[in-house]
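For reference, chains read A, B, C, D, E and F in written order, and residue numbers begin at 1 within each chain.
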Amino acid sequence: MNSLPAHVREKLSAVSTATLCTALFKRGLRNQFVQDVRPVNAKPHNMVGEAFTLRYIPAREDLNPITVFEDRAHPQRKAVEECPAGAVMVIDSRGDPRAASAGGILVARLMMRGVAGIVTDGGFRDSPDIASLPIPAYHKRPSAPTNLVHHQAVDLNVPIACGEVPVWPGDIMVGDAEGVVVIPAGIAEAIADEAEQMTAFEDFVQERVLDGFSIIGLYPPVEPQTQVDFAAWRAAKGR
Amino acid sequence: MNSLPAHVREKLSAVSTATLCTALFKRGLRNQFVQDVRPVNAKPHNMVGEAFTLRYIPAREDLNPITVFEDRAHPQRKAVEECPAGAVMVIDSRGDPRAASAGGILVARLMMRGVAGIVTDGGFRDSPDIASLPIPAYHKRPSAPTNLVHHQAVDLNVPIACGEVPVWPGDIMVGDAEGVVVIPAGIAEAIADEAEQMTAFEDFVQERVLDGFSIIGLYPPVEPQTQVDFAAWRAAKGR
Amino acid sequence: MNSLPAHVREKLSAVSTATLCTALFKRGLRNQFVQDVRPVNAKPHNMVGEAFTLRYIPAREDLNPITVFEDRAHPQRKAVEECPAGAVMVIDSRGDPRAASAGGILVARLMMRGVAGIVTDGGFRDSPDIASLPIPAYHKRPSAPTNLVHHQAVDLNVPIACGEVPVWPGDIMVGDAEGVVVIPAGIAEAIADEAEQMTAFEDFVQERVLDGFSIIGLYPPVEPQTQVDFAAWRAAKGR
Amino acid sequence: MNSLPAHVREKLSAVSTATLCTALFKRGLRNQFVQDVRPVNAKPHNMVGEAFTLRYIPAREDLNPITVFEDRAHPQRKAVEECPAGAVMVIDSRGDPRAASAGGILVARLMMRGVAGIVTDGGFRDSPDIASLPIPAYHKRPSAPTNLVHHQAVDLNVPIACGEVPVWPGDIMVGDAEGVVVIPAGIAEAIADEAEQMTAFEDFVQERVLDGFSIIGLYPPVEPQTQVDFAAWRAAKGR
Amino acid sequence: MNSLPAHVREKLSAVSTATLCTALFKRGLRNQFVQDVRPVNAKPHNMVGEAFTLRYIPAREDLNPITVFEDRAHPQRKAVEECPAGAVMVIDSRGDPRAASAGGILVARLMMRGVAGIVTDGGFRDSPDIASLPIPAYHKRPSAPTNLVHHQAVDLNVPIACGEVPVWPGDIMVGDAEGVVVIPAGIAEAIADEAEQMTAFEDFVQERVLDGFSIIGLYPPVEPQTQVDFAAWRAAKGR
Amino acid sequence: MNSLPAHVREKLSAVSTATLCTALFKRGLRNQFVQDVRPVNAKPHNMVGEAFTLRYIPAREDLNPITVFEDRAHPQRKAVEECPAGAVMVIDSRGDPRAASAGGILVARLMMRGVAGIVTDGGFRDSPDIASLPIPAYHKRPSAPTNLVHHQAVDLNVPIACGEVPVWPGDIMVGDAEGVVVIPAGIAEAIADEAEQMTAFEDFVQERVLDGFSIIGLYPPVEPQTQVDFAAWRAAKGR
């Protein structure tokens, strides 16, 4: 899984999920922000990586005694050992946080293996421990019960739903303090480029606004002078 | 998919989903009733058949133009032509009825192919037409929008969630006027046998109650005389 | 439990829950309509009776094996045998219809004992059977699983919540095809009288409206002529 | 409000909301089906008419005593007397059915004035009475409490939300047994024409399917022979 | 919009939303606390100001391309430039946080214009940026997608719903670390006076409780000695 | 209420709710974690204590004027003065946070009386004040309105629901930064012992994982060497 060139990863590390959502909207993609999922603990840099997915279905009691994890090929444990370095593990928990999607030990193992982050639309257990790890982790809310109560892992790396959004294996996941956005793999570079340009303009606008300017004519820049001023600002800032 | 012997199918046709749920509960299976799903139109006989599953994820706009159905291998259309006669098509719509899981033409085609029924935890479009067909159909509520708005078919015959319940391919689906229950394939015959026995007893009890008897000692039959009376009733009724 | 005089019961049988809600609103009672609960099968006459309550809490697995009903003093079974004739059994199921609040046999027994009706903010199992009984029954939706999965009976005849509404033992429950309203015991007669008067006026208004009159001045009767016409109508109708 | 020519109204009377949703989807309009709203009682013909809107906000106790309806200019009563014949009254109840959006007398008055139907994303009181009237009425569920408990009418004929869908005054509302769809006024004729054509094709397909044909190549008609057969069918049927 | 005298504003800055809710409850106003809305970042002082409202309806795709903001009269942008200094912008987002109600640039502009705060029952994008600004902002949760996905601004300064509560233009909005309360304009001074008195008493009670006193007789002060002690406390504290 | 020996309390203070949930799961108890409830402010040590319960039903307006608290025997105030030192007050608020379950003064009084903590599945008012007190408090979200708006206290120390979980008086409540778990009184010591052992193993595993080991064979310890290593680790750590 080396589809994500370093320069694209770098650009995506420096833009916000809000800006990325607008870039996606311009291409007709309206539903790429993972809904109702938040960082366990905000990190100073964005999470960026290709999606490696894990799919849960509701647990059936006879198939989910505590002993299932003794199976070395159990999909959840396999996922943790197979998720590529640099990727983001994304879990389809059907939006159900009543039992954990994963816990502190598995998240720590992912981190040690170089995984870039983990996202679930359910909840993590050991969330206070996870909050203290450097790896970015996103969930709906803390959830102490073992996943065996409600979740059974069945598939690795198939298309899934996460937070009401489609996630295809290899899609680029970007997370900041606001949440997580999913970028279709094929347009990741184009989106990164556009978002970088948009970010420069938004930074310029924010500066202007904090200097007291009105947004009318400035944002969007329908006033021709805005374009002139922005060009000067870019030159001055070297952006 | 001929795992379901005719005599088991027949027994399951003559018991209620309520009785089946209790038989499953006795074996520790507490979560096998498809939640919040109802018949489009109640039928005089139970729906019975092996689960043939179809999995949806949220639709992405660029992957779901109206033209996708021109692809003869589109999973939704493939599912309709491949679901075995006697089976029940079960759709994981993530509990989302905002767009249709299927419509009248596909349901008619399933019926013509001998499929035993269709279940979704989303909604059907053309629901008034479907209500007029003899094939049993269960959903959450009517939903006119095309499935392309919110659902993309991705998999056939994998384990899924439907109505917050696990459905494994080959599980036995039974539906009555109350709803749909999922019986793990391996215990279908045992459950059918037990439910048949329980139904005889419940019919006996209901008769007694309508004759004015108290339920104390009768239901459950902790009063020894109840067992005697039940044996006599069975003999008299030939059950 | 003979707090409800026959003439009050009769009056309450002939007015709608909508009219009763307005009479209650005039006394400052805004939250007496049981929310999201509907008849299993509409009956030609209103359900009327004093509330006899049953309170459920979430079931704990070790306390709720299938054998608990062998205890003749189990609160659910006790409730069914103790609910007075003429009363309405009201069950606090915490609004949770994932498992049954009661089933066909218990409802049949209540009917045989002369109970006036049964209301739960959960669901009934055997709902097709219950629909065929003459006793009025109100619930959220059908629910086949045994109550042992999610509900444990703990109290009889204590104040409860049902459908987000307070129900005190002895309150008067009235149900029609629209739903169920709770009238505090102490004002039942006054409310019945007022609702009877309001019903006469509403019937008069409906007749006028179907004759083509505008509602302005008629409903409410701020036009003095309306009062004159209504008096004439009452005289003519003998109401 | 005579924007809707009779021939368009007629065409819209003879197509389904499902077909209309697909025609709208082809134009990029994905969210025009009023969610979670159903007929109080299904009618043999479609409801068709221009939207005349009424907007509610949450009621404040001091502004909503029972006496407010004595004001002849109260927006709710004004709406009932001003909604044009042939139009459909559409109420924004914020999706809240805990108190009524309107009751039997007001709906009867609308009917007498020639109004084509009424839609709310809340609930109606007197719903059994409304079910017996010939005017189509759509709501979420029955609701006996007076609207004063939760709803205050503030605006007539402004853009609103209804069932999570935008409704602009003059948009064309079409309702069948499945639900209600909103067609932007400017494209109503084009949509009606397209839906009429689609309906002919769908009827042809349904006939073929019930004759045993596979949907592959037929629906959509990627098999050239399908087009030939359809042309022959149209000629034979005079459609 | 200078309806709010400085001394009232000052009093409202020094009392809690909890105390204000009780003062409103005493006047029969039970539903004035904006539900499920929280500060993006708690501020040391209360937000206080007159409500200036903005109303959204669901977005329709053809009316909401990215280019709409080029219109200098677009209601959202107009709102940002017209909301009076000292007022609080209150947005009716129908409780839907799936797309943003506003973002960091607009909030910064409001702040620069002297606006006292911003409240939505949806979500803000750029929420980490907004959290770093001194202006108080309240929402349901962060939401990166552009508002064009789900929200279309249609009205300025009309009565709205926000967090299931009625907000009339000119009502006084007060926000603290707990949330936001809406005070009808006409009673703002009376409520401020009462809340100031109540706060003195509550501070006295809290001190007593932390000194080990029982609440019985103290809170409420049914023990006569409590009144004597409170008078002494006020004298000593100069309150 | 001295059922909880000091050494059990101490053990429960040093393990996580996640570990306790797994120990309970091994005994077949799947639903003991209070759902959707979080600390008002995380504390360095666990909350541990026997449950002392308070049950609310929906408030009825005529029974809940502001004057009810003048009654010294009002159940809510009685609860605050009677909850034993060392116990945890647990409130059944029916999961409804629209009005407060309790406020800062009552929580302060509980703290002064030596109560170990307070849990509600509703919300607290004065939550910023409560956050500054040393007593642990758990709720769904802040809620400024007085409890009289929606809650009426009716019972002390009966079995209740809290966060969809059964709580029996005397059950042991344990809370950490993740949430609150309920341990049936009769197995508290056994669960504490098991959790203590599990915690040692989990700490060992976490150390190994952070040293770079794979989880396969380690967690669970199906690799025999893991048991050897763990024994050595325990000896070295003195655990």
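Definition applied: contacts are C-beta pairs under 8 Å (C-beta built on N, C-alpha and C of every residue); 3 or more make two chains touch, one makes a residue touch a chain.
Because the structure is predicted, anything quoted here is derived from the model rather than measured.
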Minimal step count in the chain contact network, chain C to chain E: 2
Steps in the shortest chain-to-chain touch route ending at chain E and beginning at chain B: 2
Furthest chain, CA centroid comparison against chain D: F
Chain whose average C-alpha position is farthest from chain A's own: C
Numbering shared by both copies at the chain D-chain B contact, with half separating same from different: different
Chain pair, A-F or A-B, that carries the greater number of C-beta contacts: A-F
Distance between the centres, which are taken as Cα means, of chain C and chain B, whole angstrom: 32
Between chain F and chain B, distance of the C-alpha-averaged centres to the nearest whole Å: 40
Of all residues in chain B, the ones touching two or more other chains: 30-31
Chain contact topology (line, ring, star, complete or other): other
Chains touching one another, given as label pairs in label order: A-B, A-E, A-F, B-C, B-D, C-D, C-F, D-E, E-F
Chain E - residues contacting chain A, complex: 66, 69-70, 72, 77, 80-81, 98, 100, 103-106, 108-109, 112, 125-129, 141-146, 148-149
Touching residues on chain E, where the partner in the complex is chain D: 27-32, 57-62, 94, 152, 154-155, 158-161, 164-168, 184
Residues of chain B defined as touching chain C within the complex: 16-18, 20-22, 25-26, 30-33, 35-36, 38, 42, 176-179, 181, 202, 205-206, 209-210, 212, 214-217, 219-220, 222
